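Have a look at this one before I ask anything.
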Amino acid sequence: MSTGPLAPRADFPLLAASPDLVYLDSAATTQKPAVVLEAIRRYYTEANANPHRGAYALAAAATAAYETARHRVARFLGVADPDTLLFTRGSTEAMNLIATAWGRAQVGPGDNLVVTRMEHHANFVPWQQLALATGAEFRIAELGPAGTIDLEHLASLIDARTKVVAFGHVSNALGTIHPVTEIVRIARERSAGGAPLGPGLPPGALLVCDGAQAVPHLRCAVDALGVDAYAFSGHKIGGPMGIGGLVMRRGILEAMPPYQFGGDMIEWVEDRTSTWNVLPHKFEAGTPNVEGAVGLAAACDYVERLGLDAIRAHEVALTAEAMAALGAIGGVTLFGTPDATTRSGVVSFAIEGVHPHDVATTLDVAGVCVRAGHHCAQPLMRVMGVPATVRASFWVYSTSDDVARLAQAVRETQARFA
Amino acid sequence: MSTGPLAPRADFPLLAASPDLVYLDSAATTQKPAVVLEAIRRYYTEANANPHRGAYALAAAATAAYETARHRVARFLGVADPDTLLFTRGSTEAMNLIATAWGRAQVGPGDNLVVTRMEHHANFVPWQQLALATGAEFRIAELGPAGTIDLEHLASLIDARTKVVAFGHVSNALGTIHPVTEIVRIARERSAGGAPLGPGLPPGALLVCDGAQAVPHLRCAVDALGVDAYAFSGHKIGGPMGIGGLVMRRGILEAMPPYQFGGDMIEWVEDRTSTWNVLPHKFEAGTPNVEGAVGLAAACDYVERLGLDAIRAHEVALTAEAMAALGAIGGVTLFGTPDATTRSGVVSFAIEGVHPHDVATTLDVAGVCVRAGHHCAQPLMRVMGVPATVRASFWVYSTSDDVARLAQAVRETQARFA
Amino acid sequence: MSDATLDALYQEVILDHNRRPRNFHPMPAASCSADGKNPSCGDQLTIWVRVDGDRVAELSFQGIGCAISKASASLLTEAVKGKTRTEALALYETMHRVFTGLETDTAVLKGLGPLRALSGVSKFPMRVKCASLAWHAFKAALDGAGTVSTESGAPTPVS
Amino acid sequence: MSDATLDALYQEVILDHNRRPRNFHPMPAASCSADGKNPSCGDQLTIWVRVDGDRVAELSFQGIGCAISKASASLLTEAVKGKTRTEALALYETMHRVFTGLETDTAVLKGLGPLRALSGVSKFPMRVKCASLAWHAFKAALDGAGTVSTESGAPTPVS
């Protein structure tokens, strides 16, 4: 059993420049394919101007570059209406956009907000703080067996006063792929007694799905998922830093107050009041990150060329290999579900008697980059009873060799600390 | 009288690729020097990882790249404490950060917020909307003669209940350089009856200066300006899109609630409450735009190598030339102050009988990129009694030839529409 | 982009209607009217329509805007006059295709008469909304919508 | 980075203090104590100090953390014992220079005794805060500050 790279290492300038580097922290951020860097360079060389604002041809080219990128990314995500895809800095900003613009207007005392124990801080703290600011109740759905969310407990927390149910698509700490369709069904049913989310929209809670760890690995047909809002980060899918997005139902976006104020998002600015531009501009104040959008679109092209089914198969194979290789080492504990087909390319583990940070440092010197820490999931670490875990995560350039180097380095670490 | 380029056109890949293009919309966004594009490529090739989070050497390199960029930009701006420089998407986000995090906590009914008639929407609408949301009064300082702000009127609007005085450093619509020191003196004096801004800080209004149009053109010693907050955009100074910053006094930042919630900005996340990381991280939730920061730092290097005094002299010369050349054409009206030494490299004008958008299109076909519109300053356009103006703006690559091509194209436009 | 493209945009018909807009006055006896706004340009116009049975009997307009938006409005008031409602709406659809360069059928283009002068705008994506402003307002008037903003109904992805 | 650098970080002294931390217990009779936290690692420790006149008579600690932070705390409790307040604070300053690689004076380094084993951390910027956590907590205890977080007092720009 040996899995070669799905994408040639030569496609990634950083990996090509460091042939011995085993980069196993793709869940934190991916390495960038040359085509993305080239798209950025080309944009600045051929089309750079401030979009939406100029009447000249170069400005039209910049506008076209930006809006074409939006169409491209929307198509990649299975979003039929590109104007419902707002560009943000990343997943974190997407969640904060909802909590600020929608949350502050919609949530009050007596309401409640539901999250899960497994959320990244980006999908936990905004709701916790919204609850504190508005007097709503903050509820946490606890874990079920082996890296799952207890759906019965989740269901029991949701009622007609639930305004938000926020959950991840894939856990960054454990790799668990959550049953989104099932969660949506439960949440809709349990919150059905609430007010409609808008004209022609379902009643009840706003269903917010954090797709940061799903988009790089799974075919995410966002429209078909049935959620009301979906967030993702470009830098986790080969795109540049500083760009990501939020997909949200048109009816909700149209009814929602804006998020930030300034150029592009206005229609008319009177002395005392203002009116807002149409979607998506209403939610994109100021000069947009055209470069970021263009780079992200190039990343979507690249990933689609590799094929999402192929990526998925590649990652399942590597995850299974890694779980087998690490599981065979005495003193290594694996976290999460035992079935590689229900997780993305993330393997979280611990070595008995060696603190995760010492593991990460020792592995680093062996040329293996893994992440040690709480993975921005302190509430999860707390109930798991560990201060931190070691996490290895894969992407398209990862191989069986990487897994073997990881396992070997783990054994050497044990020897050093024995 | 002939002014060559201060920076060789060859330094800018877009301009080098289009030798006939006359790009006169640098106030909207500048073209990017090759060194900036190269810095971006180098970052992704040598140091790309998620900063602050990993224990491995590559993550340390990414962290160093990001924090070194912060130090570099702070030094460029005359900011002694780099932790008081927060990276944002740009000026617009900087203003919204203040209005959301500081404004929502500090402003209430009976208070008032003061802006000027000349503000960009980014420094107008956030305060207008904060006033509407909090029940504060929104006050607009009107214009004095020829492109200035009426400082007496401004003074008359400020009192002990003034919470914010928001003003530009340089007007994007007219190019006026505002007397910041004088405005600070007036605002401090008039608002001195208010509460202190924080322990050891001056009493009264928060003085917010929009430096978006100043940073690319003037030596901005931000600490020495005496303001409480200063905003700027990287893409207007040769840097990439999607990055900019906010400088704010440490005492205010430390006392202020956070802006967005998520990874990096937290200290501990408990189930019910959270505590925050130290500056600057407290205000930078989520994966930061390392690429953007690195590119912006490279832009600062580039600009400093050219020399800010040389840039200033270059722009004064071109502005004087352009005002002379356009002023000599019958039927052309120039807006703003008549003295080129009191403005940045921006010339706003109108051609009698030809709508600004028709001017922009005709000039575009002649290869001259100018901006026609309200320049995100509708409140200003309204009192100027024009729907729009034509604006030509210069930067380091602009030359006398560009000015001559502009004047020639204006004459041809007149002939076409005669 | 060449001078010829610019000549095609600013044809003599356009310049003439810009200089001397036809039916440029309010219409107190109008059956309906609508405002058209183009926020990013600052353009604003009002269009008045007198409907007589199934026919658009008379049109007028007023407002400020660029040569393209003014000429388009002026040409519209002449071209639509006397058409049935159905014919007028069909023409509205055709003109959108013309502005965005989708109408390539020479027979259709020839049949447009003076309106054909507006086809030059298709080479200038940033100006399409100038040309279509009056047409949006006209349709809004017929629909009884009152106000329309080009930021909303813009037929191109580039708003 | 080479295995030698790693050997310098995880010297036998460090591994030994990690395996068998000295003075690893609470101290009911302490004059003062402080908590040290390293949020991004999840490290937490408490340090107890018994002061006798001008002297640091006794120290102990407890908590969870990596080998570096545990060994650093353990070594601290042995090294500081018996020093005057002034000597202890001078050592605190020296150790910061050691951790960040600023202390290059071989005489000073030699004078550190077993503490010198901690100098390997200077090659690992992301681990400096692990080594300094106990020292921050020790100083906070002497200052009566109660809690300290490495995110705040970190001596490197890289927090």
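Details
We call the chains A, B, C and D, going by the order they appear; numbering starts again at 1 in every chain.
Just so we're on the same page, a contact is a pair of C-beta atoms (placed from the backbone, for glycine too) under 8 Å apart; a residue touches a chain by one contact, two chains touch by 3 or more.
Just so it is clear, the structure is predicted and the values come from calculations on it, not from any experiment.
When chain centres are defined as mean Cα coordinates, D lies farthest from chain B. The mean-CA centres of chain C and chain D are about 77 angstrom from one another, to the nearest whole unit.
Between chain B and chain C, the centres computed from C-alpha atoms are 38 Å apart. Work out the mean CA point of chain A and of chain C, and you get 45 Å between them.
Residue positions of chain C touching 2 or more other chains, listed in rising order: 1, 40, 124, 126-127.
Multi-chain contact residues of chain B (touching two or more other chains) are listed as 53-57, 59, 266, 268, 357, 361, 364, 373, 378. By the definition of touch given earlier, these chain pairs are in contact: A-B, A-C, A-D, B-C, B-D. Of all the residues in chain B, the ones that touch chain C in their complex are 354-358, 361-362, 364-365, 373-374, 378, 381, 387-388, 416-417.
Touching chain A in their complex are the following residues of chain B: 13-14, 17, 21, 23, 25, 28-29, 31-32, 37, 40-41, 44-46, 48-50, 53-59, 89-93, 95-96, 99-100, 120-122, 124-126, 128-129, 132, 138, 140, 233, 235, 240-243, 260-263, 266, 268-274, 285-292, 357, 360-361, 363-364, 369-373, 376, 378-379, 382. Considering their complex, residues 1, 37, 39-40, 124-127, 149, 151-152, 157-159 of chain C touch chain A. Residues of chain B that touch chain D in their complex: 52-57, 59-60, 63-64, 67-68, 71, 82, 266-268, 277-278, 281. Only residues 1-3, 5-6, 9-10, 15, 18, 40-44, 64-68, 124, 126-127, 130 of chain C touch chain B when the two sit together in their complex.
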